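A short worksheet on the structure shown next.
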Amino acid sequence: MSKDVMADLKRDHIAKMLSKGIREDGRRFEEMRPITIEKEYVRSAEGSARVHLGNTDVIVGIKMMVGQPFADTPNKGVLTTNAELIPLASETFESGPPGREAIEIARVVDRGIREGQAVDMEKLCIEPEKEVWIMFVDIHALDYDGNLFDAANIAAVSALKSTVVPAKRADKGEDFPLPVAHEPISVTAVKIGEHVLVDPTYDEQSVAEARLTVATNENGNLCAMQKGGEGSLTADEVLRIVDLSRTIGAEVRAKT
Amino acid sequence: MSKDVMADLKRDHIAKMLSKGIREDGRRFEEMRPITIEKEYVRSAEGSARVHLGNTDVIVGIKMMVGQPFADTPNKGVLTTNAELIPLASETFESGPPGREAIEIARVVDRGIREGQAVDMEKLCIEPEKEVWIMFVDIHALDYDGNLFDAANIAAVSALKSTVVPAKRADKGEDFPLPVAHEPISVTAVKIGEHVLVDPTYDEQSVAEARLTVATNENGNLCAMQKGGEGSLTADEVLRIVDLSRTIGAEVRAKT
Amino acid sequence: MSKDVMADLKRDHIAKMLSKGIREDGRRFEEMRPITIEKEYVRSAEGSARVHLGNTDVIVGIKMMVGQPFADTPNKGVLTTNAELIPLASETFESGPPGREAIEIARVVDRGIREGQAVDMEKLCIEPEKEVWIMFVDIHALDYDGNLFDAANIAAVSALKSTVVPAKRADKGEDFPLPVAHEPISVTAVKIGEHVLVDPTYDEQSVAEARLTVATNENGNLCAMQKGGEGSLTADEVLRIVDLSRTIGAEVRAKT
Amino acid sequence: MGGTPLPDGIKLMDEQGRRIDGRLPGELRPLKIEAGVLRRADGSAYLEMGHNKVMAAVYGPRECHPRHMQDPTRALVQCHYNMASFSVDDRKRPGPDRRSQEISKIISEALTHVVFTEYFPRTSIDVYIEVLQANAGTRCAGLTAASVALADAGIPMRDLVASCAAGKVANTMVLDLGKEEDNFGQADIPLGYIPRTEEVVLLQMDGDLTADEFRTGLGMAADACKKIYDVQRDALRRRYVVADDGGSEGVK
Amino acid sequence: MGGTPLPDGIKLMDEQGRRIDGRLPGELRPLKIEAGVLRRADGSAYLEMGHNKVMAAVYGPRECHPRHMQDPTRALVQCHYNMASFSVDDRKRPGPDRRSQEISKIISEALTHVVFTEYFPRTSIDVYIEVLQANAGTRCAGLTAASVALADAGIPMRDLVASCAAGKVANTMVLDLGKEEDNFGQADIPLGYIPRTEEVVLLQMDGDLTADEFRTGLGMAADACKKIYDVQRDALRRRYVVADDGGSEGVK
Amino acid sequence: MGGTPLPDGIKLMDEQGRRIDGRLPGELRPLKIEAGVLRRADGSAYLEMGHNKVMAAVYGPRECHPRHMQDPTRALVQCHYNMASFSVDDRKRPGPDRRSQEISKIISEALTHVVFTEYFPRTSIDVYIEVLQANAGTRCAGLTAASVALADAGIPMRDLVASCAAGKVANTMVLDLGKEEDNFGQADIPLGYIPRTEEVVLLQMDGDLTADEFRTGLGMAADACKKIYDVQRDALRRRYVVADDGGSEGVK
């Protein structure tokens, strides 16, 4: 019970502040937290980045392996995205195989990279139908203060941009930089009462009714979207968040 | 406790009626429930059938894949039978990997098909030791009112008879109908007190002391048998159920 | 609570006796329990041994299979050690996949065999980079009265010495005895209060503060070591146990 | 979206603006819903949408296991979306994969919004969606069917959720993508919607769309949900009439 | 049954009616049972039948975990049949497979019939069967051994269950199939039987049999169970005598 | 130890007695520890030792789940050692393998020795060790970091555990093996040690050593742990100072 009482109190407090136009950390409703990106953070990975989005801290490592293509895309590399929400990062994360929350984050980040055509997958073909590069995007949360969707997306795009395909080690010619073609950036907003806030903190996220993540490309086109939460959005709210995502996404992209 | 009290009351009621020669749905002791069979129910399967046995409702789908033979049967196809007792079909079924109940049903249906030589497995050899057809028999319960053994067996045999091996799709020559050689049919009976009833409902099954499933072929020969339940049977009861199975099995076979 | 009270009482009793120089079964502190070894206990295995160490009873079976070498050791066989602490052997063992206790035992036995170079793994190469012999060392506990580390190690070494590689069955030439090069023997000691005892019984183990397993080879060299338990050892205690292990290990080796 | 190149000889849209299965851009596939089709479940619905065949069943409110998941203030709506192994061309391995877990999560959230969960604290309302035959759009089909099954189970609800997708195919915004359109199209927007209150409760998108195209698609899908909503209500009405004819006590 | 063709040069029965291991059709393999062979378990038995080596152990009655499985009216008899990885020619992967789960289920049911479960409500009686060396007929060997282990544990029982198989080999009904007979024979009928009350508590069959052949096989197996029953009782009697000699308090 | 033959052109030790990374035999790799680096955890520490990068976090004392694991007399210290999939050259499959479970067990035991577990009955103190980049010696790095994280969490402790390995390379006893030395060396002795009380709380060894060599290595590692202990205390002192500067209430 006490947990629920706490949640109610927190919700009331946050909502009251929001009605005065104030977020708990002083940001504007449409403002991301500070972003810091450390590329090539992990030497054992082919590409990596550690991203702080406010106090949210996440590492993405890219590993490249030679393997078989899927039957229906014989001349394309394979993308595999995985998120480990290890209990080191939050008491709300549990040990064991990825739960629905981790799966959702991995799949939304994957969808952004895949549908946003971040990587030219045809250039990852070694021999059609036989051998291609398998690209593992592994998301590792270290400290969780909300909005892992965007933090992981930023880290993934940054890591991809720093990745060198280890062709020489695998006896497949010379090493080459991963052919990054686009930089899809996601922006996540939540709805709390009447208000729409981008880049929610843990506390904001925990009292939010609904969440919408929108990934856009350099040309402002949409490539992926995911609504979450048990509340609803109006079509107008959806369209407003789409607009926010296009604008803010462009600002974030400049930093990756 | 209330569950056990309920079970006791139910048992008393059913037993009292049986001693007057009456089953709860008015059937004779040696009478199957009405059977309806919809073949080719699922287009995405190579063969399929949906069977209603009274209110018990089950789908069997057959999928054919090219794969490797077992080392000790290099010139034969491979049979794999699987049962999913999904919680959609009954509150007594649980999510997760198949439990002992599902495994028993799958294995008894498998034994009937395999030992009854329903399919000429040598005709499923593509190249000895290298490539054969793998036949997946997937049993999916939709509504559970007892006696899944027989419902699944009937659905499986019906589905096999409707199966077309997709050789063309796999680039292995022309499509051909699955070579069905025999039609092993199982009949299940339970013992409640002094009485032996065929094709038990859920309620009858839940108060029965023992169960015996007997599968027979067109020639009246036995090909598979499985006793279940914590009660015992006399040898005479076993032999009587064997006889029932041969007679009733022939009637059921005519409908598949 | 009662369990803990029991443990306290047991500890007090054992400690009191030890302070008088007496172990519950009358052994000297530096004395192993009687060892009996039945080699070739299981005909279905390529090699096997059943070992009683006092009342601790364990079987090790060796199975040999043809498989692929690891990439970094292309001309060597592969060693895989597994322990099943099945609940038949003790009420403290649980069903299901191996727990940390079983994993530790398997890994310590594995380390002894591997680092002690018990088997000349290069002679298990069939064709470099392509085919080698995979050696499965399976440890099966039957009755658990403490010190499975040493019982399993003795059984493993004895089983290896009785192993014949079934080359003929696999169509790889003539059968030949497994090339056993060394016989690493482990000796385990525990610390209870001031005292160090080798080869602890279940009761001794359950009240011990720390455990040290040391495996040595014929030349008296150390090849593997593992400390366990929540207590500590002094460097002197460690070195004393190392010496014990060298002396007692030589005596045990003579029996395998 | 697919990313697979269109096989030779396949055209997703012809010169007359007809789609590969003959539909117009704004046309749904044939939709059929039947409520109350299972005996054992507390509520159920069977749905066909084009070549999709989906069964939904509801059990509950009932005691929530494991107990530490119980919410003392309300019921948990737990959806389990599952594809039968034979529902797709290449046999699917039984058991939940990552895709089905994601779908289960977002459908659970969408349904939670319409159930009066606060009436049934500490309980679980379990929604099982079984895809028997899959042909693109199964998550929408499943959500639509599950809403009807919840109502059939007599669970108090604010409203029904209707669901369908819009998408982009051959540079045209269309409704309710079929299998080839899903494989070779340009974008897909699955929507869960409450037509009466105009609320979006499920929304995903993948592919490549301008903001304008998205706005158009969202509108098309929302409009189509109104039609689906009518079919849902009709199924429940027929169920009620049948029940009434046969004596409502006799049905369950 | 096998379905594998008989390798060249192997004859399952010779002209004199002798089987491949020299037995007559109605002859059991050599059987040896020893009770009380493990210290840690509450009861145990070791059994050899031909080249089968099986160990059975019993723990309980003890508290049943997890708690929601407890039956307030009686004990649960839970059998866990397991084959050691080295018990067969091709190494078996550790852990339960479908076959062992099925066997565990039917042995649990057979043993439940003879245990006075109602004396120990809410408890579990756990029976572990370990196949150390397998050579056809391990489920019968396991059930026979488990009965003895239960009695050795002092669990109150109506009677012992004896178990063996009949089968058809080279067109002849025979007892207790060996490995080659199991691989290349025509039918197998594993039976669990209580000789005194003439009750069938475990029964399976696979292969191809006429009704008459089955009747014959059932009779043969039931008769053989009487002999096995004597060996079981003998093992328990020896155990008692040994215990008595050594002072009954000293044994456990 | 490796057993892999040394690749051509690689020498583990040169004529001057310098190791492959330029260190002298008794020299540790550069060590850096920072305490209190995570917000969400109750305590944390980041550690770099050579090319190892390790994060440790502590949660608790908190309620122990599942309940049947609770100890009514004390807290359980439960360590979970995990390698990130990208921390090694060949991607590691996510999830615990046998190696990480063994390491988790021995680190749990080592830490239990120094925590006043009796102050917190029925609770769990969870220690998470994440290896972000691995370069030999990660279990020692993890244990060293975990000690600092426990202290940072304010858990009452007898003392800190320091950890490092000695080993044998090119017939020389050396400290703190690097990756090539680990792969191609002759022996490794990971040690967990409490310098003040001179207690060994973690100890493993593998390879080939005479008793004298082992004695030498144990001594070298114990001495090195004193230096590591100083770096640990220094990290905690800096943490305190920083906290103090910024106002101790503001930090957590």
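All chains are identified by letter, namely A, B, C, D, E and F, in their written order; residue positions are counted from 1 within each chain.
Criterion: a residue touches a chain if its C-beta (ideal position, glycine included) is under 8 Å from a C-beta of that chain, and two chains touch if they have at least 3 such contacts.
Model, not experiment: these values are computed from the prediction.
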- Among all other chains, pick the one whose mean CA position is farthest from the mean CA position of chain C. D
- Query: Quick one: chain D and chain E, Cα centre-to-centre, how many Å?
  - Reply: 51
- Item | Rounded Å distance between chain A and chain E, as computed from the means of their C-alpha atoms | 57
- Message: From the mean C-alpha coordinate of chain B to that of chain E, what's the distance rounded to whole Å?
- Response: 26
- Task: Can you tell me which residues of chain C touch two or more of the remaining chains?
- Result: 98
- Message: Taking the touch definition from the header, please name the shape of the chain graph: line, ring, star, complete or other.
- Response: ring
- Message: Which chains make up the ring, listed in order from chain C with chain E immediately after it?
- Response: C, E, B, D, A, F
- Task: Could you please specify the touching residues of chain A with respect to chain D in the complex?
- Result: 1, 4, 72-73, 76, 98, 100, 103-104, 106-107, 111, 114-115, 117, 121, 212, 217, 220-235, 237-239, 242-243, 246
- Item | Of chain B, residues touching chain D in the complex | 41-45, 48, 55, 57, 59, 61-63, 65, 82, 84, 86-91, 95, 97-98, 136, 138, 140, 142-145
- Report the residues of chain E in contact with chain B in the complex, numbered from low to high. 1, 3-4, 71-73, 98-99, 101-102, 104-106, 109, 112-113, 189, 194, 197-211, 214-215, 218-219, 222
- Would you mind writing out the residues of chain F in touch with chain A in their complex? 38-41, 51, 53, 55, 57, 59, 62, 80, 82, 84-91, 94-95, 126, 128, 130, 132-135
